[in-house]
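Each chain gets a letter, A, B and C, in the order it is written, and its residues are counted from 1.
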Amino acid sequence: MPTPKLKNVSRFLFVAIVTVPVVSGMVYAALYSLGIIGILNTEISSKAWQTVFFGKPFWSAIGFSLYISVVSMAISLAVALLISIKWQKNLRDGLLGTAIYFPLCFPGTVMAFFSFQMLSKSGFVSRLGFNMGWIEDLRVFPSWIHDAYGIGIIFTSVLLITPFFIILFSNLFKTENIASFQHLAKTFGASNRQILWKVTLPILLKRASVTIYLFTIFIMGSYEVPLLLGRQDPQMISVAIIQKIQRFNLNDIPQGYAMSILYVLLILSVVILLFFRNKNFFKTSAV
Amino acid sequence: MMARKILQSIFIASIGLPLAFLLLLSFGRRWPYPEIFPKELSLAAWGFLDNSNMISTFFLSLGISFSVALFVTLSAFFISKHIAYSKKRNTFMVLAYIPYLLSPVVMAVIFQYYFILVQLTGTTLGVIIAQFLIAFPFGVIIYLNFWNENLKSIEELSKTLGGNAFQTFVKVLYPLSKNAILLCFFQVFLISWFEYGLTNLIGSGKIKTLTVQVFNFVNEANIFYASFACCLLVIPPMLLMYLNKRFIFFAEKSE
Amino acid sequence: MMENILEIKNLDKTFGKETVLKNINLSLKKNAVVSLLGASGSGKTTLLKIIAGLEHQNNGEIFLNGKEISNIKPQRRNIVYLYQEALLFPHLNAFENVAFGLRLRKTPEKDVKQKVMQMLEYLGMPNHATKMANQLSGGQRQRISFGRAMIIEPSLLLLDEPFGALDSTTRQKMQELFKELAKTMQLSALFVTHDLKEAIVMGDSIGKIMKGHLKQHSDLREFYEDEESGVKKEVEFWKQFIN
C-alpha cells in the first residue's frame, strides 16, 4: 500500500493540473469580459455580456456547432454500424482489419486540407466532373466548401470519426458477446430483422453511448476543420471565439472572453448532468 | 460474396486515397484547371527537406511531441494509480474529461494570459507546458483501465512475498504495464503531433510545428508545399502503426 | 415413437478432419428431463447447438414431435438453447428480458404484463422487475434467463451447464427451483452437466457422452450398474468412511 502521504500528493497534483488552468483561466476571462482588466477597459461594464447573451452570434455559433456534430455523428454511426455488422468477420482479421486503423493517423488539419482539394470548386471532383462532361464550368460546381450548410466540415468530420467507430463496434461485438445474444434470440424465434433492431443495435449503441456523447461534444469544439473549410457566417464556436479574441478591433476581446465562459459553462453543465443522471457514466467510458 | 469482396476492395482503396492524393500533390508544380492531375511534377517540395526550415520544423515537432509524451506518460503513470484506487474514482474521472472536452484552443484562449505573464508565449517550453496540460488528463484516463482489482492483488501478493516497493515496481508492475505505457506514449504523442490551435496561440505563431506550417502554406495558397507538410505529418505515425501492429491491437481494447 | 418429443438418429458431426459426434442416438419423452453427463470437449455443446439449429450435422436425422427438423431454421424450431451464462440482454431490465420472446411474437401488452408478472412470481423475483442485469446476482440472473425461456412455452429446452458458474449453495437452490418449474410447466428438457450428482438429481433418465459417443440409459439403476458411468466408484469412495 502506498503511504497516505504519497497518495494525497498524487491526488492533489492531479486535481491541480486538471482544474487550475480551467479555473484560473475562467477567472481571467471573467475579469476581462467585465472590463475589470484589459487594454481598453476603463470601467466595469456588463456590455460585453449583454451583447453576447442577447445577440445572435454566440447562439448561432452554438447552434451551428451542435448541428454539425449531430449530423456528422449520425452519418458516421450509420456507416460504422453498417460496416461493422456486415463485415464483422473480415474486420477481425486480414487486410481490412489492418487497413481500418490507418485513418486514425490523419489529423483534422490534414483531412480538412484533403477535403478542400477534393471538394472545392476547383478541386479534384470538380475537375473530374468537367472532364466527364457533367459540368461546363467550374462556377456551376456546387459549393461544398465555405458553404452555408457546412457540407465540407461534415464530410471531413465523418472521415475522421467513422473509422474510430468501426473499430469500437467491431471490438464491442467481441467483448459484449453479441454473437451469443444473436444465437439466443434466434432460438427464441426472432427474425433477422428483429435480431438487428431488438438485439444487435440496442446493445452496441448502449455500450457505446458514453463515447457517442463525448465525441458529439468533442466535434462541437473542433477548430482546425471549420477554420479551413467553414465560412464567416455561420461559424463554429471555437472559430468564433478565437476570431473575437484575435480581432484587430480590441473592443471585441471582452466579448470573446464572455463567449468562452458561456461555452465552458455550457459544456460543464452537460457533463455534470450526464454524471448525475448516472454516476457510473464515466467509469467505462474510455473503453 | 463477390459483391462483398469488390465493395471491401473499394473501401480499402478509399482508405489509401487521401495519402496517395496528397503524395501526388506534393510532387506537383502546376495544376491548372481542369487538369485532373498536376501538369508538371517536380521534387521542389521534397527538395525543401535538405535546405531550408522544413528539417528544423520536423525535428522541432518531433522534439515537442516527444517531450510532451514522455512527461505525460511518466507523471500520469504514478498519479493515475492513486486516482484509480480512490473511492472517488468516478468524480476524478469526470474532472479528467473536462480539459479533454473543452476544445484545446478554447482552453488556450482562457489561460493564455498567465503564459504571457511568465513570458512563456512564443517559446518552445511554453508550447510543451500548454500541451502537457491538455494531454495529462487524457493520459490518466488511458491508465485508469489498467489499474484494476486484479493488478492490485498481484501487487499485494508481491509485497506479501517480501518484495519492497522498488522490487515490486521493477519485477511486477513494469512488466505488466509495458503495453499500457507504450499505448499512453503513442496516443499522447499523436495528440501533440496533431495539435494546431493551442500550439499556434501559445507559440504566437513563432513556434513553427508541422501543423502550423500546413496552415502557413495554405494561407500562402501553396498547395504543393502544404501537401508535402501533410505527408510529413501523416507518414511517421503510419509507419509507427504499421511496425507496431501487435501493439495497436492492444490499443483497440483500451481505446 | 409418438410419445417421444425428441428423437435423434445416427447423427454425425465433424469439424474438418476431427469427428466431434459419432453415431448419436437419443430419445426424450414428453414432459421429461434427460441429463447428459459429459466432460468439456466431449461434444455435448455441439450436440445441443445442432438440436437448436445453430450448427448442422453431417449425417443423421432429428425428429421433434415426430417431424424431421434438420432443414428448419432455428427461429422456427421452437427449441430454446440456454448457455452457461445467463446472457441477459444488457439493454433490457429483468421484466423486459422475460418479456423478450413475447414481444417478438407481438403479444398484446396486457397479456405480456400479466404473463411476465406471473413468471416473476414463479421465480420468486417480483421485486426485481425493473433491475438491470448488472444489478442482479448470478443466481438471480439465471432465474430470469429461465423465465425468459419458459414464458414462450418452447417444445424443448436445451440447458448447457446452466448452473456451472454458480456457487454450491445457489446451485442447489437452483436445482430445486428448476425441478419444481419443470413439473409445473410440464417441460421437456435436455440438461447437460459435467457434475455426476447434478445429472442424477436433475434427470428422469440419464445419458453419458464421451469422446463423441453417447450412451443413453433407460433408468438410473441401469446407469448405476454401468461401470463407465462412474457412479459405483463414487459410492465406493464414500463407503470407505462408513466402515
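Here, a contact is a pair of C-beta atoms (placed from the backbone, for glycine too) under 8 Å apart; a residue touches a chain by one contact, two chains touch by 3 or more.
Chains and their UniProt names: A = ABC transporter permease subunit.
What you see is a predicted model, and the numbers here were worked out from it, not measured in a lab.
Trainee: Going by the stated contact rule, which chains contact subunit A and subunit C alike?
Mentor: Touching subunit A and subunit C alike: no chains returned.
Trainee: Whose C-alpha centre lies nearest the centre of all protein C-alpha atoms?
Mentor: A
Trainee: Out of every possible chain pairing, name the one holding the most C-beta contact pairs.
Mentor: Summing C-beta contacts for every pairing gives the maximum at A-B.
Trainee: Just how far, in Å, is the C-alpha centre of subunit C from the one of subunit A?
Mentor: Going by mean C-alpha positions, subunit A sits 48 Å from subunit C.
Trainee: I'd like to verify one number: the distance from the centre of subunit A to the centre of subunit B, where each centre is the average of its C-alpha atoms, in whole angstrom.
Mentor: Computed value for the inter-centroid distance: 17 Å.
Trainee: Distance-wise, how many Å sit between the C-alpha centres of subunit B and subunit C, to the nearest whole number?
Mentor: 52
Trainee: What are the residues of subunit B that contact at least two other chains?
Mentor: Correct list: empty.
Trainee: If a residue has to touch 2 or more other chains to count, which residues of subunit A qualify?
Mentor: There are none in subunit A.
Trainee: Considering the complex alone, what residue numbers of subunit B touch subunit A?
Mentor: Subunit B residues touching subunit A: 4, 8, 11-12, 15-16, 18, 21-22, 25, 33-36, 75, 78-79, 81-83, 86, 89-90, 92-107, 109-111, 113-114, 133, 136-137, 140-142, 144-145, 156, 190, 193-194, 196-197, 201, 211, 214-215, 218, 223, 226-227, 230, 233-234, 237-238, 241, 245, 248, 252-255.
Trainee: Over in the complex, which subunit A residues touch subunit B? Could you list them?
Mentor: Touch list, subunit A to subunit B: 1-2, 6-7, 10-11, 13-15, 17-19, 21-22, 24-26, 28-29, 32, 83, 86-87, 90, 95-96, 98-111, 113-114, 116-118, 122, 124, 126-128, 130-131, 138, 159, 163-164, 167-168, 171, 214, 217-218, 221-224, 227-228, 237-238, 241-242, 245, 256-257, 260-261, 263-264, 267-268, 271-272, 275, 279-280, 282-283, 285-287.
Trainee: In their complex, what parts of subunit A are in touch with subunit C?
Mentor: For this pair, the touching residues of subunit A are 176-177, 180-181, 183-191, 194, 198-199, 202-203, 206-207.
Trainee: Touching subunit A in the complex: which residues of subunit C?
Mentor: 52-54, 73-81, 83, 85, 87, 89-92, 100-101, 103-105, 148-149, 152
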